[in-house]
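The following pair of complexes shares a single chain, chain A, combined with chain B in the former and chain C in the latter.
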Partner chain A sequence: MAHFTKATSVKDWLNQRLAVEKVEKVMMSEYWIPKNINFLWAMGMVLVITFTLLLVSGIFLLMYYQPNVNLAFDSVNYTIMREVDFGWLWRHVHGVAASVVFLIIYIHMFTGIYYGSYKKGRELIWISGMLLFVAFSAEAFSGYMLPWGQMSYWAGMVITNLFSGGSLHADGLVEWIRGDYVPAQAFLNRFFMLHVLLVPLAIMGLIGLHFGALRIPHVNNQDGEEIDFDVESKKYLAGDKAGSKVMRFANDFMSKDMMVVGIYLIFFFYLVFFHYDFAMDPVNFDPADGLKTPAHIYPEWYFLWSYEILRPFSTNVGLIAFAFAQVIFVLLPFLDRSPNTVPASRRGLFRIWFWAMLIDMIVLTSMGKVPPSGIFSTIGLYAALTFIGLWIALPFITKMEKKV
Partner chain B sequence: MKNKEPLILVVVVLFSLLTYYLVEPFAHSQMHKHHESEGFEYKDLPALTKKGDATKGQELVMGAAACVGCHSIEKAGVPAAMEPQDAAASYGVNPPDLSNAGAVYSARFLADLIKNPAHALMVEHKFDASKGQMHPMVPFYGAGGDIDQEVADIVAYLQSIAPKAEDLTPAMAFETACGRCHAVHYENWTQIGEKPKFKYKKDELAFDIKVLEYQKSLTKYMGKLPPDLSIYIRSRGEHFIKTFVENPQQYLKGTAMPRVGVNAESADKVLEYLEDSGDLKRHERESVGKNVMIYIVIFAIFALLWKKQVWKELH
Partner chain C sequence: MKNSSRRGFMGKAFGAVAGVGAVASLYAMKKSWDPLPSVKAAGFATLDMSGYKENELVTEKWRGKPIFVLKQNEEMLTKAKANPKEMDRLIKIGDSYFMVCVGLCTHLGCIPGYNPDDESFLCACHGGMYDFSGDVTKAPPPRGLDIPPFKIDGNKLVLGEEGPEYKKMLESGTTLKV
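Right after this comes the complex of A and B.
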């Protein structure tokens, strides 16, 4: 057993038992971050803040929400929106944050792709990040079921139907997922459980893994420069703060994180109070009705690109393309065969690949919402084929890339 | 090395805005028909050319025109002859009490309605007299004199007994214009009136049975039970509700929903009622919103200053 002495202060008492000073050093003051980075590196902190907003607002909503097909709709739209003091605020914070969190995730992802932050020891950061994307998608989808409006019901119907596997006709699997032949009480209850317990647990675990995976390879920088963190941190600690290539996570980088968070929160709360409609589809303000299909069924904006990869093809081909789109991003570190860890702007063909992928995903997103007819379905088809083609081309164009 | 952050910010913002534009304004313009409001003027109906005399109108309403055979006018001391559910069993829907009609409906609409209900209500596809499909409201064929003058007199009378525009509450406007077909359960409104608080379960059940009987007749009359409007302000939005009420056929060809004929002021009152039902905390949202924005801007300024201070030593 360790030897304990009489504590000289509260800090000392804690230090002997929890090594708080050491923890503070490892996590904050001697966690070294390269200086050569821009505000896009603050998206991680922005995501932490947004996730916290989701968690806190969710806890308040959970106190009044009723996971019952007869009560769910009014517990949200009447009890929370009209009866509970500031219930409307928590709901709008929760709804807007659920949408904005995906915008930030996409910015975070494309930052990683642009700067090659998934290469040379950083593969696990990327993979855990993509697993987080999957977990957040599950969280968003299960949460969307809870108000039990028309879009909840019909999105639940359409998405669970995907598991029948087209010609495989795995209808038993669909019934097993729903707990019934159609979305009903069993369905609502299990998605409630997923949304408030199982998926948030998975998300918190994955966030731990994501941070852990960052520890040894360190954060990437704007030029993909390999930094000797031992040498540079010694320089910093010796007093040459300006000459060192690294800085402390706290307070040095944290102060910049907070600056970006401050600006982000202005944008976020503007949306919450004055422009929340985009995150709360009007169709979902009609109560679920299994006998009345809405004229247009579409997912929330952040799922539209993968929905559009499913839509232009026949059932079986569409499902295969959809499955491809779901997993392919995870494989990025292995499909990129180039030895260079530098920004896309210095990587020849990969530079074109990056911007083509970004624009193609925006085209897919746009076409995923409009009715699939005429010119829209043609554009959607070509955009989906382009998406698949770009991924097939990736190993070849990166293999040809010259070492810089 | 030059600072690339402004350029990066512009790129991020532009791509975000482009995506927003494509999935919101653009996609919705492709999915939904858009109609502009005509200001509730009902220009397709003939204008009133004669000046009405309220006293003569009263004689017609109570006498030759036989309005009170079906309509109650509580304000003029004419009570309803039947309970709402019994009236609905006879007519399909409870004929409205006319106390507020002069304030809620446009005069042009009222004049045309009196002479030709199915035309003013835009339900001629459903009530075609040549096929023997009579609208339950009997048209006024005239009392022997100049029919246009007589109609103007009736309208003048209805306007003379109606409350002034400033005394007409949102609930009164809603009840007269919409409330006999649409329930609003967030406001406790049923098609037969506001549901009272009952001391005994038995009395509450008796009330509910009346509502169910009314809804049964109404469903038969309309083809389906008209929807509860509790949060239509969120599911349909102000613009749609306004233009739909003004002319339901332009959105839903063949719908049984009649043109309601409200004037512009009453339309705003109806919307206010729906906002109170479906978006009750909107004023609180705006005032809290302003304060939060001020707080957050101050937070951002302090964060910016902190960053400047910390980074001074890093360069």
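Right after this comes the complex of A and C.
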């Protein structure tokens, strides 16, 4: 057995049993962050905070929500919104955070793409990040079912129908997922379980993996410079703080990180208090009705781009295009054949690729929102083809790239 | 086996037990997600076909799904008689012909709307169109509206049971099984 001595303080008592000082060093004060970064490096912390907001508001909603097809709608729209003190706050925080979390995820993703933060040992950070995106999508979809309004029901119908695989006509699989011929009690109950237990567990596990994958390669920097963290951290610890290229995670980096979080939270609560309606679709304030489709079914804004890739094609081609769009981002580290880890602005054709992809996704998002007819149909089709074309072109244009 | 130690053997034995257990639990988990017997037992509906009016779409309910019933008028019948693909989709009860279809778009399951003036259906979700017999006229839907299993019983139509007329439709590929 290890040798224990009489503790001189609470900290010493804990130190002997849990090595808290060591943990503090490994996780915070001697976890090194490059100095050459900007506010976009704070998005990870913004996401952690947003996830916490979702978790806390979700816990309070869970105490009054009823996962029953006859009670769900009223438990949300009457009990939580009108009876529970501050119930509206939890709901609006939950709804707004669910929407805003995707905005931050997209910024976080495109920051990674711009600075090449998925290359040279950082592949697993990218892959675990994309798995988190998938898990968050599942969490968003399952949560969207719970108020059991018209959009919940019909989004549930349309999305579960995707699993019939078009001409494969796998209705058995669709009925198995629903536990019924149509979304009904079994469906609501199992998506409730997924939303409050299984998917959050997966998300927490993946966050652990995402952070773990970050430790060895460390955070990227604005020039993609390969920093020798051992040398630079020794320089810092020896007192040459100005000459070192790195700083401590806490409190050096954290102080600026939390500054960004502070600004973000002001924006966030402005939305919660004054513009929560953008996250609350008016159609979903009608209770679910299996005999009436809403005039125009569209997903929440963060799914519009992939929805628009599905829409302009016939069923089978559409499904293949949609499946392509869902998985292709995961493969980015392997499709980018260039050895350069520098910002897109210094990478020739890739710079055009980056901006074309960003603009194309914005176009797809806007076209997904409007009814599928006339000029919008055509623009949507070309934007979807551009998306696929850009990914096919990526290995070739990055292969041609000169080493910088 | 000859070279492996006793620990190695124990590891393999555990692996075998755990493997059997894992497969068995996966089977149980799969079965737990199946539709319940009560859900399956409620899968029948009987429609009295004498009350429908020509060119007036009525939506009935079967297995939680909307069922379109459209009594055909003279004009539709004339068109259908010229096109066997449309005629095959209609159900004859007494002297009248009916379109009876699951009212969910075969693309992704939205409910198409009926326009009695041009006697066609339009799905607002992705722009698919069907004619008065439920046959598809504009993509993305891959096929016409599905016809539910039915049995003709005098003036009544029993949904959920498979009569000879329905089996013929299945064989000829007029509809897929729903």
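The definition used in the following text is that the second predicted complex is superposed on the first by the 404 of 404 C-alpha atoms of A that agree within 3 Å, B and C clash if a C-alpha of one lies under 4 Å from a C-alpha of the other, contacts with A are read in each partner's own complex, and residues count from 1 in each chain.
In this text, contacts are C-beta pairs under 8 Å (C-beta built on N, C-alpha and C of every residue); 3 or more make two chains touch, one makes a residue touch a chain.
Please read these numbers as outputs of a predicted model, since none were measured by experiment.
With both structures placed on the common chain, the touch criterion links A:Pro371 to chain B and to chain C. Within the superposed three-chain model, A:His296 lies in touch with chain B and with chain C [touch as defined at top]. The partner of chain A that touches more of its residues, comparing chain B with chain C, is B. Look at A:Phe274: by the touch rule set out above, it reaches chain B but stays clear of chain C. In the superposition on chain A, contact is made by A:Leu40 with chain B only, not with chain C. When the shared chain is aligned, chain C comes close enough to touch A:His169, but chain B does not.
Contacts of A:Ala393 after superposition: neither chain B nor chain C is touched.
In the superposition on chain A, contact is made by A:Ala186 with chain C only, not with chain B. Overlaid on A, the two complexes show chain B and chain C touching the same residues of chain A, namely 295-296, 371. Residue ranges on chain A touching chain B, taken from their complex, read 35, 38-40, 77-78, 81-82, 86, 88-89, 92, 103, 107, 222, 241-242, 247, 251-252, 255-256, 258-259, 261-263, 265-266, 269-270, 272-274, 278, 280, 282-283, 285-286, 295-296, 301, 304, 358, 362, 365-366, 369-371, 376.
Across the complex, chain C is touched by residues 154, 157-158, 161-162, 166-167, 169, 171, 175-182, 184, 186, 190, 290-293, 295-297, 311, 313-316, 318, 371-373, 377 of chain A. Here chain B touches chain A in the complex through residues 4-5, 8-9, 12, 15-16, 18-20, 22-24, 26-27, 30-31, 186, 230-231, 234-237, 278, 280-281, 284-286, 288-289, 292-293, 296-297, 299-304, 306-307, 309-311, 313-315, going by the rule given at the top. Taken together, the chain C residues at the contact with chain A in this complex read 30, 33-36, 39, 43, 59, 61, 63-66, 104, 106-111, 124-127, 139-142, 176-178.
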